[in-house]
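Presented sequentially are two complexes of subunit A, the first with subunit B as partner and the second with subunit C.
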Partner chain A sequence: MNPETPLRGEKAIRKKQPSKGWLVVSRFFQKYSYFFAKIGVSLLTLTLTTILLFFLLRLIPGDILEIYALKLQNQQGISYERAYELAKQLLNFDPSENVFLAFFHYVGGLFRGQLGNSYLETNVSANSLIATRLPWTLFVSTVALIISFLLGTTIGCYAAEKRKGFLEKLTSGYVAISGSIPDYLMALLLVIVFAYTLNWFPAQGNYDSFSVEPGFNFPFFGSVIYYSFLPILAYALVQTGTWILQMRGSTIGVLGEDFILAARARGLSDRTIRRKYLRRNALLPLVTMFGVSFGNLFGGATLMESIFNYPGIGLEISSRIVNKDYMVVQGLIFFSAAMVILVNLIVDMIYPLIDPRVRKN
Partner chain B sequence: MKEKASKLNLWLKSLSLSLKDFFFRVGVLGKKLFSNYKTILGTSIILLYILVAIFGPLIFPYNQEINMVDKYLMNSWTHPFGTDWLGRDVFRQVIAGAGSVLEIAFFTAAFSVVFGTILGIVAGYLGGWVDKVIMSVANIFLSIPAFPVYLLLAAVIVISSPIQFALVISVFSWAGLCRAIRIQVMSLKERDFLQICLVMRMSKAHIIFKEIMPNVFSYIAINFVTALRNAIMASVGIMLVGLAAYDPTNWGAIINAARTKGLTNVNNIYILLYPLVAIVIFEVATLMVSNGLDETFNPRLKEM
Partner chain C sequence: MKNVVKALVLGLVTVLASCAPSGSGSSESSHGSNKDNSFSMVTSWTSSGLVNHYDSNTSCEAFNYFVVEGMYRYVRSTDEVFCQLAAELPTQSKEPLVNFKATIGDDAYAYYAGQGITEIPVTTAKIRDDAKWQNGEAFLAKDVWAYYYIIHPTSSNYMAGVKVVDDKTVQYLWNPLKEPSDQAKLLLIAQDKSGTVKYDEFASYVDTVYRLVMASPINQDTNLWGAFNRFSTDEQISQLNITRSAFYEYSPSWYIATGPFKLKTFTATQILLVKNDFYWNASQIGFEKIKLYSSNDLNQTYQLIKKGYVSYYDGFIQQDVLQDLIDSNPELVNLKMYDPGSIGINFNISKPLFTLKVRQAFQYIFNREEIKNAANPYATTSYYPLMGMAESEAKTYMSETHFDALPKYSFDQEKAAQLLTEEGWDKQSDGWHANGALVSLKLGAPASHDISATAAEAAAATLNAFGIKTDLLISSNFYGTAADSNQYDLTLEWSDLNMSFSYPTGSYSQFASVYSRWIKVERYASNYPDTQKAGSVKLTFDGLDGDTKDYEFAEYLNTFYSIQGEQLRYLVDVFNTGLANLSLGIQLFQNVTASTINVGQVKGVPLEDKWSVNRNVSYVPAVGTEDFYAVARTNLVFATNYLFEFGTYQPNN
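What follows is the complex of A and B.
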């Protein structure tokens, strides 16, 4: 029998094996299945968010179209019917439409990048507001997040190590107080004390528009920091408490691990253990908290900025809700939700690079 | 006839036994709960608030009459907290507002605990696609910034009663509880006693109500208290923006009114401080109760 000829059935088996190219693709997907799953979940969340916001939009009383149409009629001198049609187009909103058709229009508007036009002011839309206001909110919330993260993790680590002492009592008292004062009441107290009673800091605005010129110069930066000091302080005071609590719990968990005991047995100094073994491992689970914390900051900005009169996205949302400018508001809320989802996705993406154990599960 | 009487007797006996058992259990639970000083202190503060909310308006009725002669009076025996810009007594306003604040908080906590617990147990126990659907819905509510949507809902619905307010807030607050309960139930499912129940083919109702419920009860209690604090935070926040202004004596409404009157006037700051302090004390009390409950039910925390 010729050894070259395949045995019975072997040919069929060979046929079943996928080609090399397909193998590479499937291996690629298997290797990065974690990332693809995360991307899929965030896309799903975004879709569901869109649906939810759409149904919220359907709750809006329909008379805003009539008000807008009357306004257009007066402004442009056209008939009421034409103004009504124009209003429908400009707001991308028609309460008499079929639900499915309206949903397609809504999603189409989002895909075209139209988040919503204001019906109170001409030439103001969610897009233009995001372009002008977002940098301020992002600046304040990221700076506050970084400061509170650094402070909170350092203090939390110490508090976990020295659990019987004055410092521990101080930190747990601080955590209790900062956890029980709502962040906006903290902001209100700060404004009352520092802005209205002592007059140390300004009570509104994001920079001194009279004396400095926006641009790349030091007086402008100084003014921005001076005006954003109180909001950042308020955020940081509240957020630091939660970071301390999280870091303390995480560090206590790591302290019980065997590798710390082994490091102690090898006679490593406390400082080395703390820096190279304890803190790094305790920080790992806190990275996932970053997304949640950012979401809290972004959502809380609505009230905080209206208390500080700090012109960011949050102030726009709260003042425009009161003025019933719903089309812009839903665009801004959609944008903030998308940003929070994106930040969560980025955190999820980075996390397995820091802690490879996650990808295997 | 005789048979019937004996049956009734038996029934009464079993009833009295089960009642005795119930009260014994309540007694044991009470002793266990109130061995922790944080729980005692926190609960007594909350009880004080409830008493003030119920009996306060009867003893110190609030009248809304405008009296411009008495405006911006400082603290005195007749007006312990002074008067506001229209000459109304601030102390009586704060007392009248306690009921409104607590009503919203309790309704919200009840709604969100009921929704969260049911959905959490269903998701954790059934697993599969039910779990996936419930958790993806919960994930949306956890990832959308809640506060702007509260504001939008409050403005669109035009809140005019505490129950509406509670429904608006619990739209978001059930999600976190649902996730916590789900994880708890999933870890319980791996435990031996539940595996045995499954092997013995006990009914789902029995497993859920008799086996799982008592084990997640402590989480539900702690989350009820946490839901109270979150509800107060959210409701006062919504009122601070100026929405849902159906009750002018609600603490959030008082703070907002004083704030919009202008903080450059020191008198407005004094008016605003009393409801603010009242809120902070309530929040501290709820935090103490939830920490105390956590320590009694999860004793691992104490050792560490």
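What follows is the complex of A and C.
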């Protein structure tokens, strides 16, 4: 039988086979399934975050109109009823609005890039607060992250190499202590010692607006650094311990690799081995962690910023939760959640380039 | 690499060293010499930014004390009125109605004339010749006019109009059918911040609102209260809201104000105010700047006081904390003054458990003196039930006979047990039972009010020790909502409080609008046909001394400002006696608040003979004495800028 002659019914089967275009698309999706899966999971997480955030915030008991009315009553010396009516009018807020309708309004706003307007303040939105507060949060936390990363990885690497030395004992002690002290407690200790007792550093604020003019000038930068010293120190002291621990573990792993043995056998110096073989390879998994940690910075640290009264995004979130400024709170939390998800996604996307095994699996 | 690190460290140390002296703040003025002539305090403000006028949706609490003014200002708790932008206290007169036809409008004139009115009550106020806005332009009568027509403060509910006589003379025309007493007129005007609306700056908004107000129909129901006795139609209200919203959001190029200090710089955590050289009494003001700090934590605030960062703090400080502050900083002085409010327990009478006899029994359970000592040892113990106002105000407004006849309750738990038993309660090994079940109560208290929270702990402990199982629920900012939604059996917070000046309406309004809701006093429906009563509390009291007439609280609540003399005294007698007999709550103590002042930074602090001996001055001056007025003025919440305006406070340099 001519092999070219189709069997009975084969023609029909061939007809049902996908077209070339479809195959290309299919192969494309198959090839990049890892990336699409990650994007899909990220979108799903973001959607669930949005839904949960919106409804959870509304479950918090309390009436924002009541708080605002009491404030107006106090300020203007008017009756509570009148203040309540005025509050409704001023805040343009109807507590009787259907919650599902409100949710759809909210989601519509998100698609237009509007994260939420404040009920309590004129011309204030989550967008405007992100623009003014996020730089302060990112400044303090990024500097702290970089310092702690550099210090932690350097010390961790040395500690792994000199496992029977004094340095190892010292770093183990430090890691144990810093790991068991929450960052806000460290912040409190630093404020009590360096601000209230020794008076070396200011206890609160982001710069001394009483004596410097904000702008591109040395006194302003100096003041910013001076005021951020304690918050950065508090963050760095706690985070460094984590990096030491991670780096130490990673370095010990790399130390046992054959290529290190081979390098030693080739007679390379300890310094060269450390710089060119050990540290670079040990840093690899920590780079990913660094990315994830960077994503977490966008939410600010509510307690830390509250202790230092540092006007970052975390302080803004905490004060607006207290004042029930729901729309702004959900906008700010949505933003930070979205940034965490986005940075995680980017890290997930980059990671297969560093380690192709991830993609294969 | 190592060199780079060294250079960075060296640079950082240099920066920190160069910044430290100016950044620490305390070194300049904490040691008895106020070298930079500054006054500083902790306050709160809209951290996201200020719109440049007081009547916007943004605010800074301390601007009330330093930046904005009215024509007059009252001192809360003493009712003393002093001039701010006005040259002198106003004059009162009755003028022919026809002379003001153009001001009040033809329709209003026709209405009042139709009611047989021929004269209209007029209050005439003169503005200081040298009163100026902070940009140096003259403060004029037209500005006062603009304030009333766009803001519609409470006082405008009693007015028929405001007339500009000339640049420096303004007349308040009172609604002849709802005329307040002369004292109430002055107090009403004295709560208005009329120096906040500069006509030239806001003309487009003010003129629009004025036209809408004058086009609104005259209200002919004497039980309804609206600005200038006019009620806008739906379309007019909509237009008013649009214009007003635009007004709130409009931010001029400078902060519109007239006060002794003006806004210089603003950040989320610090505000700097500088002396206003255009102020009418600028030569008397020694302070060059006011430094405002924000703080979101009370302990942080205490540290700022302790370290001399701040010159002043108003409000009660717990005894142990205060002693620590005073011991740590030898320049701190704490003065005490009466607060026109009582802290107490309010019953939720919607709970069937709380019959009148049970409520009366509860009055005997508490050792009020001990609770007072635990919560605020400087306060004055009260032995009265809730009566609508604090004891000091009741003494002022009631006749001596009826004040003395008010029910008083001593600490007598045997008597309490007897009354409870008579009401069918039964004490068993596990506690008191009522209707066959163990009595278990929820006592709510606000975490935000230190004194109430401490008193609540003591009260809950007393009830548990007495055998009434009580769970204490101290809540943050959900307390009010929880109380409103029936979640507590008892609440412990203010029981009688005057939020503004001491005319009886203040305390009664607070009771009617806030505390009666938590007590669950029966109310008229909000759509009740009698508009005077709609939404108000349903309470009727018997006349006194053989008077067989009934007096309904809701009928008089809005008209108190128009009542004076013996009639006012009698009505307060009736209502206070009636409320006290109902035992709706338990007054525990009349609060005493305080001013903490750094005398190393501020000169002119009263009672020096007292604080030079003991800086924690426990002496609370008696009502009406010279010290009473002097100490009340030190509280900026009470008296705003009194001590700055007249130069009493000076920098201690």
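The working rule: the second predicted complex is superposed on the first by the 249 of 361 C-alpha atoms of A that agree within 3 Å, B and C clash if a C-alpha of one lies under 4 Å from a C-alpha of the other, contacts with A are read in each partner's own complex, and residues count from 1 in each chain.
In this section, contacts are C-beta pairs under 8 Å (C-beta built on N, C-alpha and C of every residue); 3 or more make two chains touch, one makes a residue touch a chain.
Everything quoted here is computed from the prediction, not taken from an experiment.
Using the superposition on chain A described above, determine whether A:Asn344 touches subunit B (first), subunit C (second), both, or neither.
First partner only.
Per the contact definition in the header, classify A:Ser336: touching subunit B only (first), subunit C only (second), both, or neither.
first
Kindly classify A:Gln204 by the partners it touches after superposition: subunit B alone (first), subunit C alone (second), both, or neither?
second
Could you tell me if A:Ser26 is touching subunit B, subunit C, both of them or neither one (first, second, both, neither)?
Touch status of A:Ser26: no partner.
Regarding the shared-chain residue A:Ile181, is it in contact with subunit B (first), subunit C (second), both, or neither?
first
In the superposed arrangement, which partner chain does A:Ser306 touch: subunit B (first), subunit C (second), both, or neither?
Both: A:Ser306 reaches subunit B and subunit C.
Touch check for A:Val322: first (subunit B), second (subunit C), both, or neither?
both
Name the contact category of A:Thr272: first (subunit B only), second (subunit C only), both, or neither.
neither
Using the superposition on chain A described above, determine whether A:Gly222 touches subunit B (first), subunit C (second), both, or neither.
The second partner, subunit C, only.
Indicate the residue numbers of subunit A shared between its subunit B interface and its subunit C interface, in ascending order.
On subunit A, the overlap between the subunit B and subunit C contacts is residues 60-61, 195-196, 203, 306-307, 318, 322, 324.
Mind listing the subunit C positions that touch subunit A in their complex?
The contact residues of subunit C facing subunit A are 12, 15-16, 18-20, 22-27, 46-49, 51, 56-59, 64, 153-154, 191, 241, 245, 248-249, 265-272, 289, 291, 293-297, 300, 303-304, 306-307, 476-478, 480-482, 484, 499-501, 506, 509-510, 513-514, 535.
Okay, in this complex, where on subunit A does subunit B touch?
Where subunit A meets subunit B, its residues are 41, 44-45, 48-49, 52, 56, 59-61, 163, 176-177, 179-182, 184-185, 188-189, 191-192, 195-197, 203, 252, 292, 295-296, 298-300, 302-303, 306-307, 314, 317-318, 321-322, 324, 326, 329-330, 332-333, 336-337, 340-341, 344.
Give every residue of subunit B touching subunit A within the complex, in rising order.
So the residues of subunit B touching subunit A come out as 136-137, 139-140, 142-149, 151-153, 155-157, 229, 232-233, 236-237, 240-243, 255, 259, 263-264, 266, 269, 272, 276, 279-280, 283-284, 286-288, 304.
Show which residues of subunit A lie in contact with subunit C when the two form their complex.
Per the stated touch rule, the residues are 60-63, 66-67, 70, 73-82, 89-90, 92, 118, 120-124, 128-129, 132-133, 195-196, 199-212, 219, 221-223, 225-227, 229, 306-307, 309, 311, 315-316, 318-319, 322, 324.
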